[in-house]
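After this come two complexes, each holding subunit A, first together with subunit B and then together with subunit C.
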Partner chain A sequence: MTGTELLIWIRGPALQIATVIFLLGVVVRIFEILVLGRKPDLAEPRGSAAAGGLRTIVTRMFADRGTLQRSTFTVVAGYIFHIGIFITLFFFAPHILLFHETLGVNWPSLPTQVIDATAVVTIIALLAVLVYRLANRVIRYLSRFQDYLVWLVTFLPILTGYLAFHRIGLAPQHLIATHIASVELLMVVFPFTKLMHAFTLFIARYYNGAIAGYKGVNS
Partner chain B sequence: MTASLERGLNAFREQIDAPVASFFSSCVHCGMCAEACLFYTETGDPSYTPIHKLEPLRRVWQQEYTFWGRLAKAVGLSKPVTDEELAQWETLVYDSCTLCGRCSMVCPVGNDIAYMLRRMREGMAASGHAPEGLVGATRRAVTIGSPMGVKLPALQAQIGHTEKDIGMTIPVDVVGADYMLLLSSMEIMNFPEFIGAIARIFSKAGVSWTISSEAFEATNSGIQIGVSEIAAELVQRVVDAAEKLKVKNVISPECGHAYMAIRWEGPNLIGKPYNFKVVHILELLDDLRKQGRLKISGKETQRLTYHDPCQIARRGGVVDQPRHLLNMVAENFVEMPETGTMNWCCGAGGGVSSNERADGLRLSAFKRKKKQLDVVRPDALVSACSNCRIQLEDGLEENNMDMPVLSLTETIAEHLADD
Partner chain C sequence: MSKDQTIGEALRARGISRRGFMKFCAATASMMALPPSMVPMIAEALEKARRPSVIWLSFQECTGCTESLTRSHSPTVEGLIFDTISLDYHHTLQAASGAAAEAAREAAMQENEGNYILVVDGSIPTKNPGYSTIAGISNVDMLQETAAGAAAIVAVGTCAAFGGIPHASPNPTGAVSVSELVTDKPIINVSGCPPIPVVITGVLAQYLTFGVIPDLDELGRPRAFYGQSIHDRCYRRPFYDKGLFAETFDDEGAKKGWCLYKLGCKGPTTYNACATTKWNEGTSFPIESGHPCLGCSEPDFWDGGGFYKAISTPTEDITRTAVYAIGAGAAAGVALGAYNRSKKHRMEKQHQKVGIDDLEKGD
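Presenting the complex of A and B:
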């Protein structure tokens, strides 16, 4: 395979393969969870499980005051890089164009200066999160190979996107190809790792809230 | 593989349901649950991070209930859970967790870690890795009817003393009563004043009630150790007694885990709904207050604060009632920081107090409660769980803090109007 062929492969078949692995993997993982089911609760309810579940899906986005004080870095850095990834992924004009071409949906973009600044902040936040993972003794204790792998495959698309936008290091088409390849790597790794939390946290929060809500507790 | 390990792993498999799978799938190793756990905050030991206490259960889920894990297992790439590993986890699962569920309130992805830990204990007990203290308590609960070995004559003696003290008859085995009162062994042996308090309140409020001589024990060691068959048997004794006496309601006393056992786990353990209602004593007292049947004279003037027993508040849903009741009897009721469903555990629930090996750790964990108390500096501490009460008294003594620990029910009884 020549360099050009590799570029074509990355932009074409590889993207399709990665998309299929991503979508199929996510569906299988969610199916694997739901198929296990849950026994009906025979105790007399005090409140609504469904209302509690839906409530916790929303309320668990916000930390209670004590947690905010005790886990300030994790909460703040967590917000920053999640929101940063969301903004750069969904509000950068070329990304919207891609979604428009592939899915047929369209929405307004944010100015490139805003995207650029967001990317820088996100990169800094992700680096800080990595340093914190290595420095904090609880998080370091919990961390396995997968935690670092997931960090890397999340970081690479932002970094390569930033480099491509500013045309740093390589020829523009190579930079774009590297960026696309890093996204493909992320998509392939996604269903097999904790990246799945992006989907499964809705199920987890629902169950947490439902178990509590049934007993009349807002969790 | 030994037979006991096989039993343990099978118990793990039985416990893995959709919530468990969704929780393990969602964990991002952020470590925030550690900061919600008093065993971590008061010791700084990262192995007490709540999600870490579940690692063997997580591995069984990952290796057997995920596509990737099954594939890795099939080609011999995964490390199976061993007996040594479970032995190593025993102290994490039993000594450093009270099932208080504070971690479950804090986890940003919504993992109900306490739900999983309760389930994990089923596998730990089945594989023979439960602490001696809890095994003994459970054996006594099954054979004698009480984890502390309290037999009917002991209860009868306490009832006799109480009747003499208060000049009232305590109803025993009254068929057709509205309410059947359960007691914890701790109440019978250490706080028998509770029985007198109930008798006086119910007499004033006109509540028809009884104690059963066949099933008076409210606590359930089967749940704390994690053996559902035993837990179900202990629940069934209460159900049989309630049906025999044809009562409409069963009262769960001032004990947190008893409430969880009889109110929330009970019907699921025996596999059918009850034909009576279960109410916590605080729920009933608050209902009596609402109906105007609880008449109080003279308020408590000391500065009081309330310790929420985890299984009654956070895991049980009885949060507002004690506050209504306290405001009725106390002029100066103050809340500790982080209270109600976010309260910090006393450090002794979930079988920790039956487990002598955990005594040192239990008293270290109390330091979290001390910090809360240091903020509000009350004259007295009120609670509604005799197990919490013992731990609070132990911890206060250990820290040279001179502060009485009161039962909410008894506090109300002391302020009943004479009319």
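Presenting the complex of A and C:
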């Protein structure tokens, strides 16, 4: 198989398979959670459940002072790699082109130097959280196979993207194919692992906020 | 022209000055990224070199490679250098035809057994030998017969190097490259559709100078010319880095000469010397004329997912797949949710309440 053939397969059939698994899996899991519903609260409402739920979705984006002081490293490194992934994924011109082609929406890109620097920072942050996980005895004890798998499938797209951009190691078609394949791996693993938090966090925060909001208190 | 004439003698006979010859040697050295100290060595080697016999075989091709070599460069020194090679067989360029032409080929093969250079353009059909024949000889037979006594083979053009357009899906003739049929000879792939003329002459000049085939990449192409991507050497690269793209062929970006990535440019995955040596005596190259690179020097460029489709986009209709997947997912999710709920209710119904009396029953 030549590089072009490989790239065509990765951009075509492989992407179809990954898209089906990703979307089918994610949507099934979200609907399952939503259909399960909540037990009816028979108490007299003392506030708006919906308002509390929506507010909590926003407020939980920021760590409270206690959490920040107790787990400064986790919070800071976590923020860095999440924001880094967001920037490299949504503001690199070739990526935007993919969204434009598939979803029909377009927005301006950032200069490649900015994307490049962000990717380096993200790679460092992801390596740091892995080292921290391994070095901290409590977190290492709590870590299971899935935690390392999830780290790997998140790390690979950034690393292969960086290598593809700088053309390090392989022929360019192979590098781009490897990069897209690593994203497809992430998509396939996504619905069945903790990566689902990217969607379920909104449901969880809403329910938490709604319970508090119904009782008329802040969550 | 006598066959025993050296290249130096042949050039002088054609009115090329020493200065012009040295300029060609210097240009060749810089093109191949050799130090300036190598220029006298190239000059000396070319000066003394006996005109090597070259047999040029054309198979499933469009003659574009020959056009590229002869027409666009005929008045230059490069063209004359090629003239001074003893081109013993080239059925487009030679005067002889039919049996006389084949006789010339056979004579050259016998006279220079083990020493001649075989140049091939065009791919070779393997499904049916009758798809392409020359003087009643199938391409496969002629290639194998001629390759047997060759010192080295230069596969000129993407068809000879990788199968090219005849090899494109569905490949009706079963077209293959030279390297798929000949495995026991050094093969230099000079790919491109067509290849840059100075790349063809440069490769031949290097072979004549050093007597060895040049340093090749993993696809058998000389690194001196195919060592860097179009994208990395493109004068429009700063626009790519800044995120300034032409969205259509006639928008403001296109007029300002911005990057053609979004219009399907294959520069990032294409290795060739277009951006540096350029075409038509250094005039320009496709991107400079406002058209994205097609990636013609890469294998399977014809089946690369569309000339006007950017490399980072899917080659199939992912949007429709996504809509179906979401629809199916929603339906399956609701069905599973309903099943879970009914199971929960069933369990609740089956639940037996245990009271204090029940506990005392068993004594």
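One rule holds in what follows: the second predicted complex is superposed on the first by the 212 of 219 C-alpha atoms of A that agree within 3 Å, B and C clash if a C-alpha of one lies under 4 Å from a C-alpha of the other, contacts with A are read in each partner's own complex, and residues count from 1 in each chain.
Going forward, a residue touches a chain if its C-beta (ideal position, glycine included) is under 8 Å from a C-beta of that chain, and two chains touch if they have at least 3 such contacts.
Just so we're clear, the structure is a prediction, and the values are computed from it rather than from any experiment.
Taken together through their common subunit A, the two structures put subunit B and subunit C side by side without a clash. Of the two partner chains placed by the overlay, only subunit B lies in contact with A:R205; subunit C stays clear of it. By the touch criterion defined above, A:T56 reaches subunit B but does not reach subunit C. Between the C-alpha centres of subunit B and subunit C, as seen from that of subunit A in the superposed arrangement, lies an angle of 170 degrees, given as a multiple of 10.
Of the two partner chains placed by the overlay, only subunit C lies in contact with A:L110; subunit B stays clear of it. Residue contacts after overlaying the shared chain place A:L36 against subunit B and subunit C alike. By the document's definition of touching, of the two partners only subunit C reaches A:V27; subunit B does not. Of the two partner chains, neither subunit B nor subunit C is touched by A:S48.
Legend: residue contacts after superposition of the two complexes on their common chain; A:G78 is shown touching subunit B, with no touch to subunit C. Of all Cα pairs spanning subunit B and subunit C in the superposition, the closest are 7 Å apart. Taken together, the two complexes place residues 28-29, 32, 34-37 of subunit A in contact with subunit B and also with subunit C.
The touching residues of subunit B, counted against subunit A in their complex, run 16-23, 25-32, 34-36, 40-41, 46-47, 49, 51-52, 65-68, 104-112, 115, 263-268, 271-274, 277-278, 314-317, 319, 337-338, 341-342.
Of all residues in subunit C, those touching subunit A in their complex are 162, 218-219, 229, 232, 240-243, 245, 261-262, 268-269, 271, 295, 298-301, 303-305, 310-316, 318-319, 321-322, 324-326, 328-330, 332-334, 336-338, 340-341. Within the complex formed with subunit C, the subunit A residues making contact are 2-5, 7-8, 11-13, 15-16, 19-20, 22-32, 34-37, 93-95, 97-98, 101-103, 108-113, 167, 171-173, 176. Within the complex formed with subunit B, the residues of subunit A that make contact are 28-29, 32-39, 41-44, 46-47, 56-57, 60, 63-64, 66-67, 70-71, 74-75, 78, 136-144, 147, 192, 194, 196-197, 200-201, 203-209, 211-212, 215-219.
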